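Below, chain A partners chain B and then partners chain C, in two separate complexes.
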Partner chain A sequence: MEILGLLSDGVMVSLMPINVMLILIGVTLGLFIGAMPGLGSVNGVAILLPITFLVPPNSAIIFLAAIYYGAMYGGAISSITLGIPGASTAVATTFDGRPLALSGRASLALVTAALASFIGGTISNVLFTVFAPLLATVALIFGPPEIFALMLLAFATFVGLGGDDIPKTIFSICLGLVFAAVGFDEISGAPRLILFDINGFLHGINFLVLAIGVYGIGEMIWTIENTRGEITTTEAKMSLKGIVRDSKEGMRRGWKGTMIGSFLGFFVGILPAAGATPGSLMSYGVAKLVAKNPKEFGKGHPGGVAAPEAANNSASTGSMLPMLTLGIPGSPTTAILLGGMVIWGLTPGPRLFTEQPDFVWGLIGSFYISNVFALLVNLAFIPLFIWMLRMPFTVLAPLIFVLSVVGGYAATQDMHDVWLMLVFGFGAFFLRKLDYPLAPAVLAIVLGPIAEPTLRQSLLLSSGDASIFLTRPIAGPITVIAIILILLPVIKAVVTRMRGSRENAA
Partner chain B sequence: MTITKRMFVKLAGATALAGLIAGPAAAWEPTKPVDFVIMAGAGGGADQIARFIQSVAEKKDLTNRPLVPNNKGGGSGAEALIALNGAGDPDHTILVTLNSFFTTPLRQENLGIDVQTFTPVAMMGVDPFVLWVHKDSGITTFEQWLEEVKKGDYVMGGTGKGQEDSLVITYLEQAFDLDIKYIPYKGGGAVAKDLAGKQIMATVNNPAETKGFYAAGDVVPLLSFSDERMPAFPDVPTLKEKGHDFSYYNQRAVVGAPGQSEEAAAYYQDLFKTIYESQEWQDYMASESLSPLWLSPDEQKAYWQTQVDRHKELLAAMGE
Partner chain C sequence: MRLAEILTAGILALLSIYLMWKSTELNVGYIRGEGPGGGAWPFWLAGIMLICTGFIAFNWWRRTSPPSQSDDVLLDGYGKRTLVLVGGGLIAFIGLVNIISMYGAMAVFLFYYLRFLGRHSWNLTLILSLAIPTTFFFFFEGLMRITMPKGLGFTEPFYNFLYSIIY
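Coming up: the complex of A and B.
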């Protein structure tokens, strides 16, 4: 009951005229920042941080949180309409969003994304409101072995799925892991895999550069080849009736994905070092794993849009939790927010909730309001995005190319990355021709930098004894499930073969 | 859409105004946005300080062109040093540094970086190191801690090997004949969190990194590696009191690119002096437990030389 009182006070704070205005501006700005390839919530929040000195700290963080929220909604838009991930958090949305758009169901994908984002946001807000202090301790229990076990599970969901060619999936994961290893070795501090001694590799391979190369450039070349220069337009219609129909279909086929994304995303979000990008990729994997017909995923299943979209919103709320309660950011964006709080003279940490209740509950209240506004603003803009899709591909292709180049450059402001992105684009095109799945490589380059140091830290802790992953109470069960998942296809193959030989013998 | 547009127009207006009221022209002023390179990734200690400095400049309207933060944390700062070394426009390129300014060129001689070619701008303060344990360990003094470590199987965490934390811990190991298992982490925040979560037994975090947990009573400071007792922890002894002539600080300094013109260097030196003397920065140093240390440009160069020599020794002692 006490929580309800505090929450309603918080909602009242965020309903003050200045805050409502800031939320509205924030989510709209965030929507476009998120939709713009290369610019994500990190850039948006960092660029707009100085502006917040014009308003009181309460309103400032509400404004930045609204941008963060809006960007999570916005990332889906270019992922679906153009096939370029608008932000790293929306990469998984391209897997099914783009195929849906290509088959003329862009509005279904966009509506599903908006609704899943809203539900993910709402569920995470409730979890945050009720369990915030309790969940902070969960984040602390997760040491290196637990986080590595979780990463193993994420890889396992991608390997252990039926449908895709397993050796090719594993090859794709390994390729991603090699790219993830480029740069400096965090543990020893030594340079590693600085390919051809090019200085640009010193900062490693930026994940967005790979994602934009694979999905923006690669997809563009693929489409050009498939249409053989014919002028094509994607069929895309839009009406109010259509929105209602799409909402129903999106929720009917995507509810499972939405639920998985909402809870898993929140949980991954509260773990420092993880954040919304791994959360959305893992939710996609799990949604595919539990789907009745996993083979439909990747070809345009609303569940494949709903899971990552619910997850990235849910994770963005989740990652606020360690920031506020422990003073440790759960994602790059919250790291910037944390810097902002220090500048405003607030000390995040275990005592923030008791010392600054107005601030904390005002912020939590604003999550609820931002979420509603973001949904409405997003739905209002959907016709505009659909209209973009009606442009002939001869117009769209150069647009995609320009946006990809800008996006590749914006991430690190280094021309090296633009060339690298083009190389990835061509590489992805050829791998796709040879029928290699590319999503696992993208997953690996996101999770590799989390998995590798935690693996090495764990083994240092145990003096090289790998049983540390099995003997710890939380890491153990997760590792066992991951191993079973990885072995599942092998077991299946053995069983079928044995049955086959028995039948032959009989 | 109209709202966002209006906002951008307002912003543009504000920037234009700021340009107009910047006052009588000084000898040299930036003619374009200044590339404010940060030698660490977004969100770490160095990054927070850089963004704070930028916010003070912004708030007080101290520059006619903005300082644009640019994180280049790759390779323990190697990425940033290379960028500065080859800066196309040295007059508009400055760098926020930490001790990897000294260690990285020593450890990666092939980068061909000589820190003495950089232009001194400002020493904003130094960040002391403190030895922390979890309160549940029951340890309250440094002597108790030594006993506990000598029992064996003691695990500490810190930043990457060859970086600040590992140098301090290596010194402790050699000075007191200890054998400590060292787990490297990406940044000080992750180290602080894993001490609070009892994944590791002790750390040598900067106070700012573990402030929240200290305030909540989760972690206990045992020893500081500063020259004098720290005002924030008056009851915590220094290593010097324990008879070892060793102190260690992380520098929070701003330097200019090699080849920066004297006029530009003078401009930045003035700018950062103003920021250093501002109430905001003085309050920040107090709340984050930074030790004030103002040095003139010549003193900075001398300081760099002593630090390079010292880190050479420390790294050699580590076997690096």
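Coming up: the complex of A and C.
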């Protein structure tokens, strides 16, 4: 009951006129920043942080949290309408969102994304409100071996359930992981994999350079070549009746993905150094794993949109938890928020809940309000996004190319990366023609910077003994599931062959 | 496709070997007290990539993968033309960035694509070629505070004028 009282006080704080106005501006700005390829919540929060010094800390963090929420909703928009992930958190949304848009069902994808984001946000808010201190301690149990086991599970879901050519899938994953290793060795500080001795590789390969190259350039050239220039528009339509119908269908076919994303996303989100990106990718993998017909995933299944979208919203709330309770940021965006709090004179940590209850509960209350506003603003703008899709393809295509080049530059502000993106684009075009799955490479370059340090720290802990991943109580079961998933194609092949030989014998 | 499949596997195998060799610039083994060396992670991953290309070649030989069964060419006349016109346009776009600025190159690319590849009217071509870079300028430079390349010095007066609107 005490929590309810504090929460209602918090909601009242966030419903003050100035805060409502800031939430509305924040979610709208966040929506468009998130929808722009190359820009994500981290850019929005970082750029607008100085503006918040004009208002009290309570209102400032509410504004930034609203941007964060809006950007999480917005990331799905470019993934679905343009096929370019707006941010790393929306990579998995592309897998099914884009095929849905190409088949003229963009409104179903956008409505499903909005509703799943809302449900994910709401569930995570409730979990946050009720279990904040308890979950903060659970998150601390997750050390490097447990986090590496989770990463292994994420890759395993792609190998075991990909349905694509297995050697090509594994090649794609490893290529993404090697690209993620380019730059500097984090432990020794020595330059590593400076390919062809080109200095531009010293700052590593940003995931967006690969993602935009693959989806914005390679995929677009492939579409133009594959359709022989015959597509002019996608038959995207929008009406109020259509929104209601799509909401029903999206929830009927995507409820399982939404639930998985909401809970798994929140849990992965609270793990220090994990955040919304692994949360959304893992939720996609698990939703595919438990789906009745996993083969429909990747071809335009609403569950494939719902799971990552619910997860990235849920995880963004989850990543606030270690920031507020322990002072440990769960994602780059929360790291900036943490910096803001320190500047405002607040000390994140366990005592924040008792020393600054107005601030904490005002922020938690704003999560609920921001979530509602983000849903409404998103739904209100869906006709605009649909209108974009109805443009002639010969207008949409150059616009996507321009967005890709600008987005590729905005991510790192280095022309080397723009050229690299073009090379990736041409490479992706040829590999796509030869049936190489490229989504695992994008997944791997995002998760690589988490996977490698956790593996190295784990092996250092165990003096090089790899059994640490099997003997620890939490890491063990996760690793075993991951190994089973990796071996699943082999098991399937053996079972099919045994059945075949039995039938022949009969 | 069949020829392209094995050629690509060969190129990717060479890439894997190159990445393995490049990884050996750092220690690829286990260092007592320090854990795996800096090169170990990419070295062994590139090793797995090399093994995968072996499997891809084996599947090509057994004709089990769809491209290895196909007698189609990788790029026919239309494909080559698309790649040259669209890909070439993109190369020119990026090449022009350091000369006539990001926004100038964007306008030229949009003009080329809309008018010559899309065959749109002069009105639509000119409106979009000018409106899109202008909108992007105010979004990135004004709102997001992200500076795009401005090209050679001759663009300076023009951008000074645009900046005077923002500031």
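The definition used in the following text is that the second predicted complex is superposed on the first by the 494 of 506 C-alpha atoms of A that agree within 3 Å, B and C clash if a C-alpha of one lies under 4 Å from a C-alpha of the other, contacts with A are read in each partner's own complex, and residues count from 1 in each chain.
The definition used in the following text is that a residue touches a chain if its C-beta (ideal position, glycine included) is under 8 Å from a C-beta of that chain, and two chains touch if they have at least 3 such contacts.
Note that the coordinates shown come from a computational prediction; the quantities given were computed from them, not determined experimentally.
Participant: Look at where chain B and chain C land on chain A after superposing the complexes, then choose clash or fit.
Facilitator: Once chain A is superposed (C-alpha atoms), there is room for both chain B and chain C without a clash.
Participant: In the overlaid three-chain picture, which partner chain does A:255 touch, first (chain B) or second (chain C), both, or neither?
Facilitator: Touch status of A:255: no partner.
Participant: After the superposition on A, what does A:422 contact: first (chain B), second (chain C), both or neither?
Facilitator: In the superposition, A:422 touches chain C alone.
Participant: Tell me the contact category for A:187 with respect to chain B and chain C: first, second, both or neither.
Facilitator: It touches chain B and chain C both.
Participant: Now for A:140: first (chain B), second (chain C), both, or neither, which partner does it touch?
Facilitator: first
Participant: Contacts for A:353 in the overlay, against chain B (first) and chain C (second): which applies, first, second, both or neither?
Facilitator: After superposition on chain A, A:353 lies in contact with neither partner.
Participant: A:165 in the overlay: touching chain B, chain C, both, or neither? Say first, second, both or neither.
Facilitator: So A:165 only meets chain C here.
Participant: Figure out whether A:413 sits in contact with chain B (first) or chain C (second), or with both, or with neither.
Facilitator: Both chain B and chain C are touched by A:413.
Participant: Can A:457 be said to touch chain B (first), chain C (second), both, or neither?
Facilitator: It touches chain B and chain C both.
Participant: Which holds for A:327: it touches chain B only (first), chain C only (second), both, or neither?
Facilitator: In the superposition, A:327 touches chain B alone.
Participant: Minimum CA distance, chain B versus chain C, superposed model, integer angstrom?
Facilitator: Checking C-alpha atoms only, chain B sits 5 Å from chain C at its nearest point.
Participant: Residues of chain A that sit at the chain B interface in one complex and at the chain C interface in the other, please.
Facilitator: 187-188, 413, 457, 460, 463
Participant: Can you list the chain B residues touching chain A in their complex?
Facilitator: Listed in rising order, the residues of chain B that touch chain A are 1, 3-4, 7, 11, 42-44, 47-48, 51-52, 54-55, 58-59, 69-70, 72-76, 78-79, 82, 107-108, 155, 160-163, 181-186, 189-190, 192-194, 196-199, 211-213, 215-216, 218, 287-288.
Participant: Using the touch definition from the top, list the residues of chain C that touch chain A in their complex.
Facilitator: 1, 4-5, 8, 12, 19, 22-23, 25-26, 30, 32, 34-36, 38-39, 41-42, 45-46, 48-49, 52-53, 55-56, 59, 65-67, 74-75, 78-79, 82-83, 86-87, 90-91, 93-94, 97-98, 102, 106, 109-110, 113-114, 117-120, 124, 128, 132, 136, 139-140, 144-149
Participant: How about chain A: which of its residues touch chain B in the complex?
Facilitator: Contact set of chain A toward chain B: 24-25, 28-29, 32, 42, 46, 49-51, 53, 139-144, 183-184, 186-189, 191, 199, 202-204, 272-273, 322, 326-329, 332, 334-336, 338-340, 342-343, 347-351, 413, 453, 457, 460-461, 463.
Participant: Under the stated contact criterion, what part of chain A meets chain C in this complex?
Facilitator: 33, 36, 39, 43, 47, 165-168, 170-171, 174-175, 177-178, 181, 185, 187-188, 190, 192-193, 195, 217, 221, 224-225, 228-229, 392, 394-395, 397-399, 401-402, 405-406, 409-410, 413, 415, 418-419, 422, 425-426, 429-431, 433-435, 452, 455-457, 459-460, 463-464
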